[in-house]
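I'd like to ask you about the structure that follows.
Chain lettering (A, B, C, D, E and F) follows the sequence in which the chains are written, and residue indices restart at 1 in each chain.
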Amino acid sequence: MRILVVNVNTTVSITDAIARQARSVASPGTEIVGLTPRFGAESVEGNFESYLAAVAVMERVLSYDQPFDAVIQAGYGEHGREGLQELLNVPVVDITEAAASVAMLLGHRYSVVTTLDRTVPLIEDRLKLAGLDSRCASVRASGLAVLELEEDPERAIESVVREAEQAVTVDKAEVICLGCGGMVGLEERIQARTGVPVVDGVTAAVALAESLVRLKLSTSKVRTYATPRQKQILGWPRALLG
Amino acid sequence: MRILVVNVNTTVSITDAIARQARSVASPGTEIVGLTPRFGAESVEGNFESYLAAVAVMERVLSYDQPFDAVIQAGYGEHGREGLQELLNVPVVDITEAAASVAMLLGHRYSVVTTLDRTVPLIEDRLKLAGLDSRCASVRASGLAVLELEEDPERAIESVVREAEQAVTVDKAEVICLGCGGMVGLEERIQARTGVPVVDGVTAAVALAESLVRLKLSTSKVRTYATPRQKQILGWPRALLG
Amino acid sequence: MRILVVNVNTTVSITDAIARQARSVASPGTEIVGLTPRFGAESVEGNFESYLAAVAVMERVLSYDQPFDAVIQAGYGEHGREGLQELLNVPVVDITEAAASVAMLLGHRYSVVTTLDRTVPLIEDRLKLAGLDSRCASVRASGLAVLELEEDPERAIESVVREAEQAVTVDKAEVICLGCGGMVGLEERIQARTGVPVVDGVTAAVALAESLVRLKLSTSKVRTYATPRQKQILGWPRALLG
Amino acid sequence: MRILVVNVNTTVSITDAIARQARSVASPGTEIVGLTPRFGAESVEGNFESYLAAVAVMERVLSYDQPFDAVIQAGYGEHGREGLQELLNVPVVDITEAAASVAMLLGHRYSVVTTLDRTVPLIEDRLKLAGLDSRCASVRASGLAVLELEEDPERAIESVVREAEQAVTVDKAEVICLGCGGMVGLEERIQARTGVPVVDGVTAAVALAESLVRLKLSTSKVRTYATPRQKQILGWPRALLG
Amino acid sequence: MRILVVNVNTTVSITDAIARQARSVASPGTEIVGLTPRFGAESVEGNFESYLAAVAVMERVLSYDQPFDAVIQAGYGEHGREGLQELLNVPVVDITEAAASVAMLLGHRYSVVTTLDRTVPLIEDRLKLAGLDSRCASVRASGLAVLELEEDPERAIESVVREAEQAVTVDKAEVICLGCGGMVGLEERIQARTGVPVVDGVTAAVALAESLVRLKLSTSKVRTYATPRQKQILGWPRALLG
Amino acid sequence: MRILVVNVNTTVSITDAIARQARSVASPGTEIVGLTPRFGAESVEGNFESYLAAVAVMERVLSYDQPFDAVIQAGYGEHGREGLQELLNVPVVDITEAAASVAMLLGHRYSVVTTLDRTVPLIEDRLKLAGLDSRCASVRASGLAVLELEEDPERAIESVVREAEQAVTVDKAEVICLGCGGMVGLEERIQARTGVPVVDGVTAAVALAESLVRLKLSTSKVRTYATPRQKQILGWPRALLG
C-alpha cells in the first residue's frame, strides 16, 4: 500500500524527517510518500497559518497523480483533516488524534508535550472536537518554536523531557504524546527519563492508517464527510476544481 | 464606525442580502461594507468549502485598504474566525456565535435552524468549540441548499417555520437562531408562527460588533490570537504576506 | 431608550457608582436610571443575602412607575435574573453573564476576579447555570469585602491587579472579567499591567441591553420565563401583587 | 429529634399533606413539625414565586422559636436551600436533591415526574447545580398544576402514571422520582403499574435528614455556607435581622 | 433489621474494624454482620485485586444463609456493587458512593482522601461512573498502604490530616470523605484540625442502607440490575450457581 | 507475533468464531490463539457474569504457558481490561474500546448495535470510563440474546440491520460498531443496507494490538496499571498466585 504523509508547512527538511519517522514503523509493502505543500507558512504555529495549511494540504494531495491508499496529515493541532475526508475516498488520519487514540490504550491519562505555548489551545481544541480530551491530563509547551527544534535538537530534547517529567509527576499522566510532526527521535530519551510510554503522532498515524486499509475501512460518506457537491469554485488552484 | 461584513461564499447577491440585513439594525453612524471573497465556492456547505472560505475571507479582509473598526464573518458554522482574530487588531464576530450568545440572554434553551442536513455537524462543532453548546436544544435542518433559498424564498420560509415549530414543541427550545447568513426576512414570519424570539446571526453580530467597538474592547493578543510571527509564506495571494 | 440598572444591595453610593459606570458607555439617547432596593443587605456576599436581593430587586423594579426598555441586574453572581424575566416583557441582563458573554468574543479563555473568597462558588454556579463556564479558566478572589472597596480604592485596585496577573500567567486567561458591580474605574489599570482586555460587567450589560432593544428582542414567554399565573400571594409588598 | 418540614407555598392543606407524608416514615422519636411560610404564593411554579418562597422559608424557619435538629425544604426544584444552609447550624435537605440521591442508589438512570411543564427547567437546573443530573434520564411533566392535584387526585394519579410509564419505556429510567411535595400516596400505584421503585422527595429527605443527625454531620461552615457576616439589613421581617 | 457489611479483602482484623465502625452508628434494632471474603487479596489496591474482590464478595454474600435486609460493600473505589445488585433483592450500598452522596448534602465541594496513590484513579472512576464526580474537588492520597494503616495508626492519622488540610486550603473542598474502609476513628481528629465535616464511608453507608430499608426501597429490577437469567456457569464456587 | 484472543464466556463455538474473525484480518506472521475461560457463564450479559468473566479471563491468560505479544479481551462492554493490564507487560485491547476508537476515525458520530437491551448500560459505562462516549450517537439493542445469535444467524442479521438503519437515520450515526464478540460475518450485509462503514470489535482490536506491538508500545506501569504488589492471595486458582 501507499500512504501519503503530508507536512503542513513548506519546510522540506521537516517533510523529510517526518517521512523518515513514518518509514521507521511502516510495514514491509507500505510505501511512504512525503509531501510538502506548495504554498503556506514555513512553520505552522497559529490559526492563520493553520487555515492556510488546511487548504495547502488539500491542494497538495489532490495534485498527487498516483494512486494511494491513505493520507496522514502530519501537523499537531492543525485544521484540515475534515476537508481531506470530504475530498477523498481513502482514510485520513490526523497525527494529533492518532497519538491520543493510541495513548488511551496504554494508560489512565495522557499528556501532550508541544512546542510553542500558543499552540497549546489549538491542540486542546482539536482534542476537544475529536472527543479525545476527557482523558488528557494536560497539554504542555516545551517553549521552542518549530524551526528552532531543527537547529538545536539537544536543547529541544532536554526541554521536552522536562515538560514530560512534570506531566507525569504533577499532572499524573501515564503516557506522553509528542506534539509536533518534526520532533523525531525523542521517544527513547523521554521513555528512559520518565519511565512512561511515549507516543509519536506520525508513527501512531502510520499504524492506524495501515490498520484502516487492512480492515478495508474508510471515511463514511453519508453525512458530514460526504463528497462535496459539484459547484462553481472561483479562482483556485486548479486541482481543487475537481 | 465602519464594519466589514464578509460573506463566506462568492455569490454577490448573497453578499448584498447580508449587507442589507446588517444595515437594517446598524446604528446611525455605522457604515456597513459588504465584502465578497475573491475565490472559493459559490456556496459553502461542508468542511472543504469552509476551509477555502476561511482563507478567502482572510485574504479579502487584508486586501481591503480602508480603515475599519470590526469584522463580521457571515457564514453559519464556518471555520475562520480565529484566523481573522490573529491577523487583526479589531474585534471579529462570527455570526454563529453571535446568534447563540444573544439567544442565551432570551430563553432557557435555544435551537438553530439551518439548511442542508450536512451542515448540522459543522454548526454543532462550532458551538462546542465556542463553549456555547450546553444550552442548545438542537440544530435542525430545513432541507434546502443555500442557493435554493435564493431561488424560492416562499418554500424556504415554510421549511424553516416547520423546523422551528418542531424545535419549540419537541426540543423545548424557547428561542430560534436562524442558521444561515442569507436567510433574510424570516424573523417576523417565524416569530408569528411559533411565538418565540428569532435571532438572526447577521443582525446579532452587528449589535455585538458595535458593542465591542463602543466598549473599546478587542481581541486579546497575549496568547492564542497573538499576531502571527513574521515568517516566510510561500506562493500566496500577496495580501497575506503582510 | 431608558434602562434601569438595579443595585442588589441597599448602599446608595454603590448604586451611584454603578449608574456612573453605566452612563460612561451608554449611547446618546439612552437614559440610565440607577435603582436601589428598598430592603435587603448593605452588601451582598452569600446566598442568604442574595435571595433577599433577588426579591428586593424584583420589588424595586415593579414599583418603578415609568416606562423602561430594559433592566440590568447589577450584582455579580447573584440570584434573581430569572424572576425578573418572568415578571417583565423587556429584556433583563445579569452582569455576570454579560461579562462572560462579551469576554468569550475576545479570547480563548477568561477569568473572573471578584472580592470575597466566599463569593467565588456563587459566581461559578451562576456561570454554570448560564452555560458560560466551559471557557472560564478560573474565578479568583481579591480578598476584599464589597464595602472595603469603597473605603480604600487604591488597595482594592492593587489586589485585583495581582489576582488578574495570576489568572493570566498561571491559569492562562486571555481576558479578565471584573466580578463586582461596584468595582469602577479599574479597567485601565488592569489592562495596563496585564496586557489583556478587561471586561466590566456593568458596561458589558449596558451594551448587551441596548443591543437587545435595538434588535427588538426580548425574553421568550413560551415556557420557563412565561408571565406568572394569576394567583393569591400573601402578605407581600404590594407591587408584587400585580 | 425534631425535624422542620417547610412547605414552600402558603397553602396549609399542602403543608399538612407534606407533614403526614413525612411522619409516615419518620423514626420513633422523630417529631415532624410542618411549617407554612407566612407570605408568598399559594403555589410555587416559576422563578418569581420560587424566589419569594426562598425568602419566606428562611423567614419562617428563623421565626420558629423551639430547638430543632434539621430542616427539610419541601418544594421540588425551588431556590433556597443554600440560604438556609448559611443561616443554620443544623443540616438542611432539599427534597429534589434527596430524591435524586436516593434514586441513584437504586438504578442506572432515574427520571423525575413533575406537574406543570414550566417547572421542568427549574428542576433540571436544580439537579445540574447539585451535580446530580448526569444519571437523570429525563424530567417529565404530568400536565397538572399544583393546586389541581389537590382537587382531583384520581386524575393526578393517572397523569403521573402515564408519564412514569413513558419515562421507563422510552427514556429507560429504572427509578421514578415524584416531583412535587404535595403528590402524596402515589408511590404504590406507580410502582404497581411500572414495576420500578418510586422515590418520594419528602420521605427521602426525612430519611437523609435523620441520617445526618445520627451521623452528627451538618453543613460545612468554612466557605460557601459560612454564617453570614453581621451587617445592616434594611426593612426586613425582623427574624432575619438576627 | 440485619445489614451485611462485607470487607473486600481477606484480613479479618480489618473486617472487625469495619464492623465496629458500622455498629457505632447503627440504630437500635439493626444488627451488623461483618463478612470476610473467603478468597482474594489481603488488601485490595488495584484493578486485579478489585476484580477478585468483586467476585469474592458476591460469593461470600450468597453463601450467607440467614435472612438480611441490606448489604454494604466496604471497599473504597472497588468494583462489584453492580453484580451484587443483580443477585440480590435487597439494597446494596457501596461506601465510596455513600460517602460522596452524603458529602454533597454538606458542602459545595468535597474531596476524598485515600491511601496509595495508585488507588486514586480507581476512586475517580467509581465516582465518575456513579455520576457523583462533578462536585468532587480532588482525590488525594495519604501515601500509606492499607496494611500499614493497621500497623501504625498514629502515622496514618497524621498523613490523612495533612492531605485533608491541603484539600481544604488548596482544592477548596468543604467536606472530606475518608477513602478506605479500615480508616477508623479518624473523623474527630480531622474535623478538629480542618474545621470541616468528615464523612466516613462505612457509617454513611449504614445510614443510607437503613434509610432504604425503612423507605421500603430496593434495587430496580427492570433493566440493568435485573436478576441474571438462568444459565450454565462452569466450575464456580457452588453458591454462585444459584 | 502471537496474540491471545480471549472469549469472555465458556462457549467454545463462540471462541472459535471469534478466533476465525480475528484471523481474517491478522497480518501474515501473526498467530491468533483463541482462549476460552475455564469457568464462568456460557454467555455474559450482565454485571454478575461480567465480573466472573473478568476473573476467568485473567486466570485463563495467566495459565497460558507460551510467550505472547498482546491480549485481546473479546467481550463487548465487559469488565476486566484493567486487571489484565496490571498483570501483563504486553498490550491489552478491549474490543468495545477498539471498535469505538476506530469508528471515531471514520465519521462524526458512531453508534453501537448490541444484543440484549440490558447490556446497553454496560456498554455505555465502558465507553464513558474509556472517554470514548462523547461522539457516540447511541447504543441500540437488536433484541437477541448472545446464544440465540448462534442458533439463528439470519434472524440475527436482520435484527441488527434494522437497528443499524435506525441509528443512521434517526440518531445520525455515520459509523456502526457491532457490539458483540460473536456477531461474525455481518459487516458486509449491514454496510450494503445502510451505506456506512461497519466496525467489528474483534478485527479492530487485532489491528490495534498489532499496531501497538509494531510500535513497541505497551501499558504504562507508573501508576494505575502498575504490576500488583506481592501479597498473600487466599484460595485462588493457582495461576493468579504469581
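Basically, a residue touches a chain if its C-beta (ideal position, glycine included) is under 8 Å from a C-beta of that chain, and two chains touch if they have at least 3 such contacts.
Chain labels with UniProt names: A, B, C, D, E, F = Hydantoin racemase.
Since the model is a prediction, treat every value here as computed from it, not as a measurement.
Within the list B-C, D-E or C-D, A-B finds its counterpart interface, over half of the contact pairs alike by residue number, in C-D. The rotation relating chain A to chain E, fitted on Cα atoms, comes to 120°, given as a multiple of 5.
Where the sister copies chain C and chain D meet, the same residue numbers recur on both sides for over half of the interface positions. Centre-to-centre spacing of chain A and chain F amounts to 28 Å, using the average Cα coordinate of each chain.
With centres taken as mean Cα positions, chain D sits 44 Å from chain B.
Each of residues 108, 121, 172, 223-225 in chain F touches at least two other chains. Looking at the complex, you find that chain B touches chain C at residues 25, 27, 91, 93, 97, 101-102, 104-108, 130-135, 168, 172, 174-175, 194-197, 199, 203-204, 207-208, 210-212, 214-215, 217-225. Those residues of chain D that touch chain C in the shared complex are 10, 38-43, 45-52, 54-55, 58, 79-80, 82-83, 85-87, 117-118, 121-122, 125, 128-129, 145, 223-226, 228-229, 231-236, 240.
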